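There's a structure below that I have some questions on.
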Amino acid sequence: MNSPIIEDTYAEAFNTKAAHLLITAATEDLAKTAATEATGFATSFIGCPAEAGIDSYFPPDETPDGRPGYSIIICQNGTEAVEGQLLERIGQCVLTAPTTAVFNLLDSETTTNLGFKLAFFADGYQEKVEEYGRVMHRIPVMSGDFLIEENFGIADAVAGGNLFIMAKTQATALMAAQSAVNAIRQVRGVITPFPGGIVASGSKVGSKKYKFMHATTNEEYCPTLRDKVENSRLPFDVEGVYEIVFDGLNEDLVRKATQEAIKAIKTIPGVVKISAGNYGGNLGKYKINLIE
Amino acid sequence: MNSPIIEDTYAEAFNTKAAHLLITAATEDLAKTAATEATGFATSFIGCPAEAGIDSYFPPDETPDGRPGYSIIICQNGTEAVEGQLLERIGQCVLTAPTTAVFNLLDSETTTNLGFKLAFFADGYQEKVEEYGRVMHRIPVMSGDFLIEENFGIADAVAGGNLFIMAKTQATALMAAQSAVNAIRQVRGVITPFPGGIVASGSKVGSKKYKFMHATTNEEYCPTLRDKVENSRLPFDVEGVYEIVFDGLNEDLVRKATQEAIKAIKTIPGVVKISAGNYGGNLGKYKINLIE
Amino acid sequence: MNSPIIEDTYAEAFNTKAAHLLITAATEDLAKTAATEATGFATSFIGCPAEAGIDSYFPPDETPDGRPGYSIIICQNGTEAVEGQLLERIGQCVLTAPTTAVFNLLDSETTTNLGFKLAFFADGYQEKVEEYGRVMHRIPVMSGDFLIEENFGIADAVAGGNLFIMAKTQATALMAAQSAVNAIRQVRGVITPFPGGIVASGSKVGSKKYKFMHATTNEEYCPTLRDKVENSRLPFDVEGVYEIVFDGLNEDLVRKATQEAIKAIKTIPGVVKISAGNYGGNLGKYKINLIE
Amino acid sequence: MNSPIIEDTYAEAFNTKAAHLLITAATEDLAKTAATEATGFATSFIGCPAEAGIDSYFPPDETPDGRPGYSIIICQNGTEAVEGQLLERIGQCVLTAPTTAVFNLLDSETTTNLGFKLAFFADGYQEKVEEYGRVMHRIPVMSGDFLIEENFGIADAVAGGNLFIMAKTQATALMAAQSAVNAIRQVRGVITPFPGGIVASGSKVGSKKYKFMHATTNEEYCPTLRDKVENSRLPFDVEGVYEIVFDGLNEDLVRKATQEAIKAIKTIPGVVKISAGNYGGNLGKYKINLIE
């Protein structure tokens, strides 16, 4: 293990609403294709219609229909907003994807009858059936039949888990971020919504200069601004910083993901320091400490 | 070559607006990650914020900055709608992706100053520079600097190119669809926006039963409805149908993609018939004949 | 579940010797690259220097060094033959691969001191160290240090598990074979050594016509020979057959893989029959029944 | 462009014999699977049965049968050795791979009748046919028919092109090596045979200490030996070195690959120096200068 400095700080995470779904298909590749499309354009609540990502691979013996699958998580700031995203993302990106079926993974008192609604696509030919011990809807399509569970849970979740990885070079920070994403993937119930799980352009809330901007570059951590800002927070030997951001179904999962990520980052030589983003408690109610 | 029946019909395509961008990165994998996120959740104008997809790989010696890249196309029904999608998709899914830069690929009288606008993210530290013979904006971020061209063309394009592939089994129709997508990928300027380029649930316009539905399953082509509808259009030995849908920068490209796709489909044994979707000319102004 | 006929027969499997190794790396992709190269050109004892394949993904919290890894299995017909393959494959394909380390996964009385031998590459600069509770050798290389465990177990294993998948089309048989490979991947201790895990050209032992051939096409199962041979074993509606072949660390694992594969194959519509290859008990001592 | 020091030296390349083949399949993925297996365990003449690698993607409109394909190159030190490798690698790794066909890409006076020989696998059911303007052999197999051209050229080629990439960190050297491999992939006729195209453990010829070793670590370039050897050739700020090795069909291609690789390496920030391996002209007859 290498020994980067771990700053004694916390990531400030906040409340969101989330759904947790399982997409199965005839092969692992086909399941991944559907899950990727359904969770695209979903890196950040600022500017994207949702935060979403692939959660975990489910091998055939862990799925209701005995086919390989990927779980995904879709987050938005309210139950109705999640419902809207589910209708559009599952309707346009999974119903349309070869050989897929969709199952609910989240027990919750609050549910949405996504399967019932999508079944109208069948134009009267839909069937409500019980399969795999679940209430499902069967929708005849050109490639065969599409099966989707009737109800999907929507529940509170925790968004905004994050870490800053400061390293001697950009490529080292990136490799460390990739290793962290690999580690978080094994924590079921946590996603890393940014491209490849990684944020190249970590931001601060608001702007010093432009009132119309909700988020702008975090200049204190920008290597090429080191000599142009007064308050650079970069150690002298840091030339690259990547952030990872993750959302989890609950606070414990986000804490676990944080620790697994830190362990992974420490396997990469050349990382100088690990920190996290917080805003003095103004953004969210969860303080995810780096040092437990 | 196998000899499926090619129906003497046409795909009905329609007008859209489009942008054509090049995303480069340090490695091919990183460029693909960014391009995939930026074009996700973008299969269909019905229900998605855009139709978008990866167009083509650009090897290092074909890009301005000598790095590998992927071109993407983003379509919406008006210039402002495309502008909005560019701001959000490039701002959230490419600016945030490791090591990327973005260049315009489309000469057009109509342009949007996407680079200028995104540069406000730099909170006053942005720089307008001339590099690679182009006007660019340099945005300092945590991982280094992000470079993006100032202006991006937006122009008329053609959406809704399509083919129906009817085969003896679902898997054969799918393999034929995959081969068609492989073939279209080599036609620069054409994308296949659905998951993996393929539509499992081809639709008709409107609904026979539900007035509130804009599109419903195309029951005449559903194998599991063959005995439940009066007007099934499936040959007796067809058990699987996939559709491919493609959007191109102009009509000629969509015609070329159609012919390349048909040639590819013919390489797969077990395809019975190739057709296409049209609506008697009510949907769009382009008739893309299958038999030229 | 679909209902193909499952022939009441058995796969005839035979004894081999095997090693079971874990390759870790900085990221999952890097581990996979090394594992793929190390197990290439290793589909069949006839004509290849070994049978080898990727076994299973090991997430960071299941590996000694906390990095992601892939386990591989390398088989040959004797202990010395396995030793030779280990020296060459690990020496040329893993020592040379970026950021890798190698650990033993197989407890056995018979071991080979692979790590000790490979350490001579360090030309005197090697170090024997104890790390992760294991005796390791540290080899300085241009990219840093390479770590490999000293001793690797070699033990009896079972090769030649197999299934024949007969389907209405070639593409359906292939999709079913892919689903079977997906299912077997989750049985740790079993590999599918052929390309993508699948055999397109299943063979019979020897030849009817050419004395110098050790294995030739299994004409009784060739769709294009149906009318040219007297003893075709293909159901009338079968146009495509793929075989899957798998090797396991013991007989129970091969039995389990067989059942998992059959379950997976049954999820694919259009499969007509499942059988297996045997030679009246002349080839191997294990009879792996399809119906338990 | 960044400005690493480019040492005014040369890579010492040497003569080999090579074959150049095209593997096509129903889809790009299937072609890649076959090409990967066929070129595995083939990084170095020392310890591997061949040096081999994937050369280039061939889109459907550039292949004889209108299907996507990958070209591969297989090198050994004599015509008969190449013949042997072709028989084994194509016979075991491509004939066995789903939906493949194989074509010759190399015009040469010296040819091997690989297709004729492999056709004996058909046990008398083979057919010699003329298709795509080529003399082919059709081999009935369980999945359908396998087609392979009769004759394949074997010709002189150039092995041992190489570059050393010295960077501030291991991860930066690796990213630069990956970018170089991306660039070389677009030079048709050149392969990078090591895992992912990259060598983590560059070697010197022979050994200072062990007479039985043909190649040992290049201690002058090992970062962790900097203080233990007297003649370290590492700049003070270098902590990671990767080598790339490439083989080409002729000297011009190796020169071109060298220059393309250098250009690519210069796009990665944090690279300190680029050099190459040579042995005073004792190993090979080609001097591939870094500075032209």
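Observations on the model:
Think of it as A, B, C and D in the order they're written, each chain with its own count starting at 1.
By our rule, a residue touches a chain if its C-beta (ideal position, glycine included) is under 8 Å from a C-beta of that chain, and two chains touch if they have at least 3 such contacts.
Not measured: the values here are computed from a predicted model.
Averaging Cα atoms per chain gives one point for each, and the point farthest from that of subunit B is the centre of C.
Simply put, of B-D and B-C, more C-beta pairs touch at B-D.
When the CA atoms of subunit A are superposed on subunit B, the rotation angle comes to 180 degrees, reported as a multiple of 5.
Averaging C-alpha coordinates per chain places the centre of subunit A 25 Å away from that of subunit B.
With centres defined as mean CA coordinates, subunit D is found 34 Å away from subunit B. Each chain gets one centre point, the mean of its Cα atoms, and the points for subunit B and subunit C are 38 Å apart.
For subunit D, residues that reach two or more other chains under the stated contact definition are 26, 29, 144, 170-171, 174-175, 268-269. On the side of subunit D, the complex with subunit A involves touching residues 29, 167-172, 174-176, 239, 268-270.
Taken together, the subunit A residues at the contact with subunit C in this complex read 1, 26-29, 59-61, 65-68, 144, 175, 178-179, 182-183, 185-186, 260, 263-264, 266-269. Every residue of subunit C that touches subunit D in the complex is listed here, in rising order: 26, 30, 33-34, 36-44, 46-49, 87-89, 91-100, 120-125, 139-146, 164, 170-171, 173-174, 177, 194-196, 198-203, 207-210, 212-213, 215-219, 221-225, 228, 240-243.
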